[in-house]
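Written below as structure tokens is the structure these notes are about.
Labels for the chains are A, B and C, by order of writing; each one numbers its residues from 1.
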Amino acid sequence: MHNLSIKRLVEALRAKKFSSRDLAEHFLARIERFQERLNSFITVTHDQALAAADAADQRIHAGDAGPLTGVPIAHKDIFCTDGVKTSCGSRMLDSFVAPYDATVVARFKQAGAVMLGKTNMDEFAMGSSNETSYYGPVKNPWDLARVPGGSSGGSAAAVAARLVPGATGTDTGGSIRQPAALCGITGLKPTYGLVSRYGMIAFASSLDQGGPLARTAEDCALLLQAMAGFDPRDSTSIDRAVPDYSAGLDKPLDGLRIGLPKEYFGEGLDAGVARVIEEAIAGYRSIGCEVAEISLPNSGLAVPVYYVVAPAECSSNLARYDGVRYGYRCEDPKDLTDLYKRSRGEGFGAEVKRRIMIGTYALSAGYYDAYYLKAQQVRRLISNDFKRAFEQVDVIMGPTSPSTAFRLGEKANDPVKMYLSDIYTIAVNLAGLPGISIPAGFHDGLPVGLQIIGNHFEEARLLNVAHKFQQETDWHTRAPMEA
Amino acid sequence: MGWESVIGLEIHAQLMTKAKVFSGASTAYGAVPNTQACAIDLGLPGVLPVLNEAAVRMAVKFGLAIGAEIAPRSVFARKNYFYPDLPKGYQISQYELPVVHHGRLDIVLDDGTTKTIGITRAHMEEDAGKSLHEDFHGMTGIDLNRAGTPLLEIVSEPDMRSAKEAVAYMKRLHTLVRYLEICDGNMQEGSFRCDANVSIRPKGEQRLGTRTELKNLNSFRFVERAIEYEIARQIEVLEGGGRIVQETRLYDPIKDETRPLRAKEEANDYRYFPDPDLLPLEITADLIESVRAELPELPDAKKERFIRDFGLGPYDAAVLTATHELAKYFEDTVRHLGGSPKLAANWVMGEVSAALNRDGIDIAASPVGPAALAGLLKRIEDNTISGKIAKEVFEAMWSGHGDADQIIESRGLKQITDTSRIEVMIDEVIAKNPQQLAQFRAGKDKLFGFFVGQVMMVSKGKANPAQVNEILKRKLAG
Amino acid sequence: MALTSEDIKKIAHLARLQIDEQDIPGYARNLTEILALVEQMNSVDTSGVQPMAHPQDVSQRLRPDEVTETDQRAHFQQIAPQTEAGLYLVPRVIE
């Protein structure tokens, strides 16, 4: 059962080949079996899952099944789930039982999906390796000595290891695409404003976007269908019609114009990864796509800009964690300042504190123009690069990550080195564009992800382009030894 | 050397929306603590703000009323600081681009001249909660019901030169926001709050002196006294060779003095930046026009109309338009009375205002409403009662003894206009006072008043005074 | 811009973060390195470039003025560290 795609699971459930309860029990057993090795879950909602599965079975029997009724999924522990602990990978929220559902969570419930639990993640989504989690690092199912990527590492590892057929993630600078690449699965970061941020714990509000992780583009289309759409509770949600993401998956790609940014193939890219990506591009050429070199001249500044914008927003977003209304509170505060400083000092880990401090500094009197304003201006230039590129090409392709999964601890003590592992994903968030990472092959036994970037609201095209590749290749069907 | 004081005010007016500025929680005053603090007001993880349209319309309304520029595009920013009544660790406010800027308001000075006060800007922001310092085992309790209530912060130019001018400006603004029905103006409940920036400089000097900011000025009287105290304090410091420190000072109404808020307040660094959860606010010409269509008649226009249409003097017109409620009461009275605006004006400004002041009642809650008052004034007009008796009837009405006609009837206060009855009374008075009659006839004209008084006494005040005068004149002449 | 230990203390205070004395040099080094990365932005001329605060060029939507929330105090205060009489308690605030 765990090797079936979501599409097949939906069909099988409808045909009553097995029940939703069978499915939930099967996956829950796998989660339990692999938890010690992978550490991909923070919370497993065993009892609620079985109750939801039983309810799903009744709906199926009553003939009023929704699009995902009975399908097991997992939510990144950044999405608020009513009555279920929502930790955001932090000691700060270790005791936080969310009193409401995020819009994304409510929509999955509405669609009939059965939540199995909450997946591990970098603390407050700040990290590229899942090593900043208060709950310990997640291991990469392809090699337990390596990281799964981050910050949606728990979701990516769980999907790769077949502990769940699909999961949600969030992507602020690559947090869906990079772990998808490093774990050999498919992950989609939608256009900013397509998926509601209500109830998705904020890291950097102008960059955060929720999206699906699954093994195939076809499954991502089904999950995105449930997640996407206008939400009046999010001022940045865009009010426009949501297309049918599955309808155009099989459209031929003849004449599709693919742009390869020369800046994504230069220094810093692992030669083995480059080779896999070039082969994948050759595959697209062979099915009728036109490939041209393009330039995104300011792409080298994406990481510097990001490390002003994201920390600045996070320094303010995380000010609410003060030990007063919810979350961690230090023992015996001697006064108000002590309550604040120790609750926050003890509740947050080192990387979160680093980013809060960088952001606080960048916004402080005398530095605002040099850092924050400058970053917003360069952000405009980066966005303009993409605008020009999309006048020439339909999609942009390149590596998702400069290397395959690195070893646990390899970059943990060198923030700058860690930050540079997102050099190809960050610009997409700055410009608010959609991007998808799909399995493109292996290098030294580790998966390599191909990133496909589209213009705003072109998710359907990205899924189509990804799906056609997956019809020609079988990289997305490979399972790690550990599974 | 003479000193000139320079004063600017920052007024926080709570906007009268039903729901909060960024959430759907109620703004009603006085609820049980934290029962009107929803997930958004509490700053729970993951929540997001969405802007209330009514708050925007009220801000635009205010801008139109003060002849200000309405920004076609304004931006919400975050003002970052830690305080327990500020749940998110930042206040959503407008910083670089406020919705309203460059307005003005005229005030009338004691000498009757008009002065224009510039209004630099007015911007929308959210209110904070309240800290309750009663003893909870040595701790402070936090009530977040008020958190997220919409405020309009109205910042004046430093155009005022005395405490009296500052109060005149504040009262004018207070009147205006209530006319516009965007703020209830309740100062006890904190709906209309004032901070004052005060500095002094030698007369003739153009540069501004170092200013202090005065807080906790929650009545017109406190504003006046705090500013007066602060001006005197600053003069004393400078004349004593000291210098003014730029600081925030708290007014203590009990000691009637200002003192520094915190001994060593660290320099605030609010790290303002555009709120990424909110998009730029665009105010279209359509929106402005639809708000303009809802604008009520403003105080100055109403005053002009009262002078023009009712023939009132400028002073009476100014008094009667001082508040929206008073003007409405007056106009309603005239309407029920079907004219006689001068009589109505005299009564509203006289008996009615005196009784309201005496009993500390708002005009909206007056026990004698405009229709009842008009009922009384009609009886003066048709000579059923005299003005003097009317005062007695009014007091009875005020105490809830019924309407004017009931009271006149039950107490037999109807005026005596029957000439023969009045003549009988006059004859009786003349017969009883032969000595005074002789003196009068000998040329002591002053005694006329004595005879009038005697007649009124005999009639228990009910004889028609005009008739008494006329008949008495004839009879005394002999 | 090289940050000193003093800078770190000031920033940590502004952000209300307790940082152990022995960790301060490490933060100073890390933050200095991050700022060096960030300052690569200065390689491009941005004079006259409109700052970009949002990925989408749209304006703020307005919500009707309706009360949609009901009292959930008991529910919300279940997860609060310390409350009494419906109030959130904090160490005494000195005015």
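In the analysis below, a contact is a pair of C-beta atoms (placed from the backbone, for glycine too) under 8 Å apart; a residue touches a chain by one contact, two chains touch by 3 or more.
Since we're looking at a predicted model, the values are computed, not measured.
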Per-chain CA centroid nearest to the all-protein CA mean: C
Query: If you take the mean of the Cα atoms for each chain, which one ends up farthest from chain C?
result: B
Message: So using the touch definition from the top, which pair is joined by more C-beta contacts, A-C or B-C?
response: A-C
Statement: Per the C-alpha means, the centres of chain A and chain B lie apart by a whole-Å value of 57
Field: Geometric centre distance via CA averages, chain C-chain A, whole Å
entry: 23
Message: Measuring centre to centre with CA averages, how many angstrom lie between chain B and chain C?
response: 41
Message: At least two partner chains per residue is the criterion; list those residues in chain B.
response: 39, 42, 44, 50-51, 82, 84, 142, 269, 271, 276, 278-279
- line: Each of the following residues of chain A touches two or more other chains, namely 96, 99, 206, 232, 235-236, 315, 319, 322, 324-326, 336, 340, 360, 364
Query: Where does chain C touch two or more other chains at once, residue-wise?
result: 14, 16, 53-54, 56, 58, 60-61, 63, 72, 76, 82, 88, 90-93
Message: Considering only the defined contacts, which chain C positions touch chain A in the complex?
response: 3, 7-8, 11-19, 23, 27, 30-31, 33-35, 37-44, 46, 49-56, 58, 60-61, 63, 72, 75-76, 78-82, 88, 90-93
- request: Over in the complex, which chain A residues touch chain C? Could you list them?
  value: 95-97, 99, 192-193, 206-207, 232, 235-236, 238-239, 298, 300-301, 303-305, 307-308, 315, 319, 322-327, 329, 333-342, 344-346, 348, 350, 353-354, 356-358, 360-362, 364, 371, 373-381, 383, 415-416, 419, 429-433, 456
Chain B contact footprint on chain A (complex, rising order): 79-80, 86, 88, 93, 96, 98-100, 102, 197-202, 204-206, 232-236, 312-313, 315-316, 318-320, 322, 324-326, 336, 340, 360, 363-365, 368, 372
Statement: Residue positions on chain C within touch of chain B in the complex are 14, 16, 53-54, 56, 58-69, 71-73, 76-77, 82, 84-93, 95
Message: Going by the contact rule set out above, which residues of chain B touch chain C in the complex?
response: 17-19, 23-26, 32-39, 42, 44, 50-56, 73, 76, 82, 84, 131-133, 136, 138-144, 250, 261, 269, 271, 274, 276, 278-282
